[in-house]
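Accompanying notes for the structure given below.
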Amino acid sequence: MCDNYQVPGTPCMDSLHEECGVIGVYDFAGNNVASDIYYGLFALQHRGQESCGIAVSDTKGPKRKVDSYKDMGLVNEVFNPENLGKLQGDIGVGHVRYSTAGASVRENAQPLVLNYVKGTLGLAHNGNLINAAELRQELERTGAIFQTTIDSEVIAYHIARERLSSKTVEEAVVRAVRKIKGAYSLVVMSPRKLIGARDPFGFKPLVIGKRENTYILVSESCALETIGAEYIRDVHPGEVVTISPEGGIQSDTTLCMSKEKTARCIFEYIYFARLDSHIDGVSVYNSRIKAGKFLALDSPADADLVVGVPESGNAAALGYAMESGIPYGVAFMKNGYVGRTFIKPKQSSRADGVRVKLNAIKEAVNGKRIIIIDDSIVRGTTSGRIVTMLKEAGAAQVHMRISSPPFLWPCYFGTDIPKREHLIAYNHSMEEIREKLGADSLAYLKVERLEELVDGLSICKGCFTGKYPMEPPKEDIRGECFDQ
Amino acid sequence: MCDNYQVPGTPCMDSLHEECGVIGVYDFAGNNVASDIYYGLFALQHRGQESCGIAVSDTKGPKRKVDSYKDMGLVNEVFNPENLGKLQGDIGVGHVRYSTAGASVRENAQPLVLNYVKGTLGLAHNGNLINAAELRQELERTGAIFQTTIDSEVIAYHIARERLSSKTVEEAVVRAVRKIKGAYSLVVMSPRKLIGARDPFGFKPLVIGKRENTYILVSESCALETIGAEYIRDVHPGEVVTISPEGGIQSDTTLCMSKEKTARCIFEYIYFARLDSHIDGVSVYNSRIKAGKFLALDSPADADLVVGVPESGNAAALGYAMESGIPYGVAFMKNGYVGRTFIKPKQSSRADGVRVKLNAIKEAVNGKRIIIIDDSIVRGTTSGRIVTMLKEAGAAQVHMRISSPPFLWPCYFGTDIPKREHLIAYNHSMEEIREKLGADSLAYLKVERLEELVDGLSICKGCFTGKYPMEPPKEDIRGECFDQ
Amino acid sequence: MCDNYQVPGTPCMDSLHEECGVIGVYDFAGNNVASDIYYGLFALQHRGQESCGIAVSDTKGPKRKVDSYKDMGLVNEVFNPENLGKLQGDIGVGHVRYSTAGASVRENAQPLVLNYVKGTLGLAHNGNLINAAELRQELERTGAIFQTTIDSEVIAYHIARERLSSKTVEEAVVRAVRKIKGAYSLVVMSPRKLIGARDPFGFKPLVIGKRENTYILVSESCALETIGAEYIRDVHPGEVVTISPEGGIQSDTTLCMSKEKTARCIFEYIYFARLDSHIDGVSVYNSRIKAGKFLALDSPADADLVVGVPESGNAAALGYAMESGIPYGVAFMKNGYVGRTFIKPKQSSRADGVRVKLNAIKEAVNGKRIIIIDDSIVRGTTSGRIVTMLKEAGAAQVHMRISSPPFLWPCYFGTDIPKREHLIAYNHSMEEIREKLGADSLAYLKVERLEELVDGLSICKGCFTGKYPMEPPKEDIRGECFDQ
Amino acid sequence: MCDNYQVPGTPCMDSLHEECGVIGVYDFAGNNVASDIYYGLFALQHRGQESCGIAVSDTKGPKRKVDSYKDMGLVNEVFNPENLGKLQGDIGVGHVRYSTAGASVRENAQPLVLNYVKGTLGLAHNGNLINAAELRQELERTGAIFQTTIDSEVIAYHIARERLSSKTVEEAVVRAVRKIKGAYSLVVMSPRKLIGARDPFGFKPLVIGKRENTYILVSESCALETIGAEYIRDVHPGEVVTISPEGGIQSDTTLCMSKEKTARCIFEYIYFARLDSHIDGVSVYNSRIKAGKFLALDSPADADLVVGVPESGNAAALGYAMESGIPYGVAFMKNGYVGRTFIKPKQSSRADGVRVKLNAIKEAVNGKRIIIIDDSIVRGTTSGRIVTMLKEAGAAQVHMRISSPPFLWPCYFGTDIPKREHLIAYNHSMEEIREKLGADSLAYLKVERLEELVDGLSICKGCFTGKYPMEPPKEDIRGECFDQ
């Protein structure tokens, strides 16, 4: 979906800004958890390549002590045996972050670590609050100071204030999240407890895992397999779970709504999450296969080969091939080494940014009528380049199929869709888009198919329909964002 | 093929040691070439992730001036706008390197830059000389000193010595390469000329490209497309080409042998080279598709799904699916972020090194009879883990197919195959291997099929047959290697 | 005074922990101030070698925008042309920090930058609050969260809260500092104003300078000369000055007390401040010369040579020589290259940590009766090594003179004197100390001389007398310190 | 002497280019020597701040194995516990380097490590060969290749060639150094022996030390004290010493000349060497004290205070004070934190490069007639700034005294004196210089005094007199230097 074509380690300026991954680990047997968090963050790296961090604490040690380390960069750039070895504790939280450039500074890396009335808190947050600016102003009007521009700080403030009149930290968390609106999957570490919270709509995923005496809260189930843990269940939309040796897993469901009101971000299934993860019982792999199948059913094309834009289009392409009977193939070689610090070609250079990352395989393409599947189109620039490369490689026809409906509306809950005027689907007809891309045909997944992708789960499809599960803010919240 | 499962940026200790990529660029119009070399090295990164370097010179400037920079790390780790900007010149060479750990030191990074009787030379070399130790000793016996343990230094010495009695630098190169035995694709930059040489057997690839006034010599054709250049032709086995504004591309073929005597490394097609490259007119993609087709023909299996071990097994899996009519699918999610500095899990950790990098997708696998294609088996450790993961994910059967014949003999020409006693195929029967891996069936590509993969080109298959295109050294040369 | 012998860049574990340097610059003409802050911080580097930082803002730009950069390390390690070049603004603050190891983390680096109800604040603080823990608890009891363990955060909170009911930011600063007790020299940057505050006792220095349209607030006058500015005057103890284009320098003196109640830290004159600075009209150079003269008058010795422990003892040695008529000389070569990252010799090593940094010059010392001047003795370890080195170099006698009285009491205001039980003077008689050091005689500056050093200025001498200008906390505040 | 005013870590572009420090350590008891070399290099850091390196080898291990690490930067920047810990061996050599910018590249860092006919060699060299270019050309004409532009490589080649017809490595060294002309103090490590060589004139220092079973060869005696070793003796001019467990210290004196022909670089005493070192039995401290005394005798001035330009002028100032009876004082505060990576003020900046590093102390200077001593004047720029600062600080008169004669001729032996046309003394009369500097009087040390400084040792004073101990090259060798 990203016009700059997203490659490992390259925060795409035209893509998803508050996408993040969170993890919390608590080993009741008292062993160090930093290593588990490290490998867990690896498994979540696709959710954020800008910065990462780990904070750990010793539940048997002094109440005011947290060791943390965070910095800009990938997990394997930020952590080394030395700094990882200094993180000693049996409870901890971790975070990987992706954001827009404006706030891409070390100060905004997570987890947020702080002292408050009852000791320390560590917070890692995935999602986007729609009333964050409002809440900030409210807090500021009572004298609060903010040292970052991330929502976690707003949430932390509310927990700290609610803690004053709450019996337990989990009660404070429940009362705090009652005040925040929007998307959040939250992992909180207090001196003795690990707490997870998921917003009532369930926009963002959060699952519970276990390995012997160790409990894990993490954005995606794939991370559980990486660290050898067993999947227990998803945190329910609206649920706050508290993990402690005394209580095991305790659940507060006062914020939970009826199933029909929940609204998972459908883009987790279409693009964000890893193929080997499950969210709320639905396999991401299956969703993408289905998306491809629906495209084959609804928008067939007479062709010789089905290919995906690697990697995100491959699973849907497989589904399309299954349904249509047209052979699946590979059309592009992707260069996986183009990382975060890659020097982009200047205008003057004859090297082409897209071609450095992606190159068509002539033998696979030449003379063929190709169906190519991508997960989305935003501005259309990369898609156009891809069609051109296929044609230059000798493709007789190029039929583009998109495994999501057209983007027409902003997202207020964490997906960084550009302003409407930049969305190609907003100000062009389908036929105009096709012509701009140079494709022989073009089709998107039908909006009606979305629920089917996820076995009837209740989802948010606001970016396609403009109908949001909750009242969106009046103005585009992205403009108000402090740009510290 | 690598038991530690090779991922981007991870030099696999059990894999190919003197695999490297080379590039030379000469812009007759006098523009800087460092940027082209940089993007070219990106396209060659899969050939070596240990160290890289660029050396440039100004053909209009003083004869004794070369700017170079090299270091351990990936291209995008080593180079930044500052150090790249300092490399000013219209002629240059570049190198990416992969080697065994012993000699993995900054001193061994290439290109080699040196002063000799006629000014400066820059050398980048891919391959392995079988008489390097001998030549070193010979040179030492005349008072030579060596500051590295790389073959390039031996070659450089011979060029320097031959230059004394040669009219031109290219003549010196021709006379020098006459003395060296083994595999080499060589790019040499003199103060005014760019020279490429490929050994008479053509073990390693080397192609010529052009973009307006700029000439390129590079290991693989994919790099030409990255930098927007046109493929001209392959350097012929045994050919020395000299590029200069006066002479254009000049060719010396005195070392060339008859076509039948040439002996390309078949592993370039099977594993090393990028899918979108051509070597000597044969598409790497086509070779791998064919390998899969032959496996389907020769070693069919009754199954529901064909999958590849990502990424290197995917193309052969596609070929197998085409031929067999069994659907192609995906069984594994690969974590592309596990880079060079990844901290390997300790024994004590519950995280599993293979699973961090590769995870089975249950939905794709469960209940299915799976044919899985890998490019090779060395020790068998990783292959065994892969079978286990598939079974744990619910695969009803696992049929392993290998797109190359069994490794039985050492390679003396650049492929780092471990000692015979570590090769699972050397000391186990096919049935024993199958059992060790836990697969339901196992088959390798037949040796007889190899020539067919490459349209009848003459190849080296010594590692499978023990029959080498030239007399191998008496002892395993790897033991003699200085370990400075 | 430091038993680990303090050298450039080496935070001495046995020395002064909240010693810091602060600077604020405001260019009314709108030019960038980052470069001035950078050179100013160089001139303050002796006040803190652990971390440093710069924050700048554009008074004509958006109200919520601050660029900042801070990290562990020396000024010339942390800043480079690239990150300095990104700091664009006409108003800014800077900080160098020295602290005990426990809190020596990046999170605690200054300046503190934050958002509050009226936009942004940047704070840089030198000193130590004695009611910080109390104030933190109070704030926490109203729901505050803390992300650092530095006093600046407590001060910032108070400013933010007071701002709610204050007409101007400077009024808020005045009201905030009314609540804090202890030592502080504070520089605050608001979106449009630069504010400086000095505690009513004037423990820590702060001066005002000017260069054309640029106003500077900085810890020491020497920094003004470095950046080519003119000294205007010292901020008065208890004064809050506000600098803005509309008001020039405005002063609030509501917290000022009578001159006799002020209590400058005498150690600024004896050790902390740079020789070429003036504090409250008194030259640091003159103070140290006087200290030496008083030692000569009060504790004469029959000797051939007066030397200082470099560098901090040299000026007093010069004063001693002047008064006594005994020639001044040099006895030690100091290795100025032993920096922050110096690897300390292990016990097993024959290298001696003190001797690596300091070596006696035999020719200067041999056969001579030496008077050696140091600024202080804490544990006595280094002083003992120094006497030993002189004797080994052939000194006939070693008479040690200390240019301050014996440390007997803790400091609550920023000087990191170890617990009393570690102070050699606390649990040993003068004669015992002399014997432990191996000196032939030993004398300290008399407490009665201290006021004379500074021309009768009112000073704090609590560490010598146990009589503090304000009621100290009941317990040693150092134990309560959060150790995050 | 340096117009950019030399501070720690700042390679001064206008100063001494091939000044270096060398060390070799051999522990017969088999213990690791890397740590001793590390501390030894600290003690030599003043001899070169550009790059440094250590190479070690295990005399009991394989003959072809050397561990080495070298890089640009100070000793404490380049080495850390990790890379130092990897240097395992009982014999080793180390080097600190200072050079002109042109060749300031990592490739030129020393020690040079190489393989040759008899295993490995490690070389560290201090000095400048006057026939290096000639020897390079000669070697190149026989087919040699050069990978650096340092003289060590030329020396190494000769050792390697001579080794072919020599019985021992030390014989090869003796025969090799016979061919090289110029200044060299050389430390060579072979697989089993440590060898030191000093050129027949003894331009550069080299001493022998011992600590139990450990033998040390090092540029300056101060390093012996740092590592707790005992001074044995200086290597004699022209001597080659060989250290081995079998032979202890063996000496070859075939190149030694009569004492009168030797020609130590007088600048070692005046400026290069550390105050606490001895060279050929003469104390550096004593030499500088004498220089000051001679200035007082020969060029008295009626004044109130004698001061040195810190640090290099201080000892001579002390000598002047002793002789004249005028009190010694301090006039400048020097900022020791201005390191290698210091960002120099731009022209546009109001910060002044000299003043950042050096600031006058008004109280010490005001109203006084000052005699200021510097070690030399090259271009005169810094000296002029110093006089100006003193006058601005209120000095009534400034009498400049220089502890060396005027520079009038080039140095061919390692001291980087700029071309004659840039030498202020070359094209100005004494009175013109005085006027340019703005001093009230000016005097240099008389050439006739030089021998007296060093107790009658035979010295080289070519830079003052144009009379060199050996025939200088016809052209300025600096122009011919390859600038790779």
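Think of it as A, B, C and D in the order they're written, each chain with its own count starting at 1.
Keep in mind that, in the parts below, contacts are C-beta pairs under 8 Å (C-beta built on N, C-alpha and C of every residue); 3 or more make two chains touch, one makes a residue touch a chain.
Note that the coordinates shown come from a computational prediction; the quantities given were computed from them, not determined experimentally.
Trainee: Kindly list the shared contact partners of chain B and chain D, in label order.
Mentor: In this structure, no chain contacts chain D and also chain B.
Trainee: Farthest chain from chain D, comparing Cα centres?
Mentor: A
Trainee: Chain B to chain C: how many Å between their CA centres?
Mentor: 59
Trainee: If you average the CA atoms of chain A and of chain B, how many Å lie between those two points?
Mentor: The separation of the two C-alpha centroids amounts to 36 Å.
Trainee: With chains as vertices joined when they touch, what's the shape: line, ring, star, complete or other?
Mentor: If you draw each chain as a dot and join those that touch, you get a single closed ring.
Trainee: Once the touch criterion is applied, which pairs of chains come out as touching?
Mentor: Here the touching chain pairs work out to A-B, A-C, B-D, C-D.
Trainee: In the complex, go through chain C and note every residue touching chain D.
Mentor: So the residues of chain C touching chain D come out as 8-9, 35-36, 38-39, 42-43, 45-46, 49, 74-77, 79-81, 84, 211, 222, 225-229, 274-276, 283, 285-286, 289, 314-315, 318, 321-322, 327-330, 333, 335-343, 345-346, 349-352, 355-356, 359-364.
Trainee: Spell out the part of chain C that touches chain A in their complex, as residue ranges.
Mentor: 62, 64-66, 68, 107, 112-117, 120-121, 136-137, 140-147, 149, 153, 156-157, 160-164, 482-484
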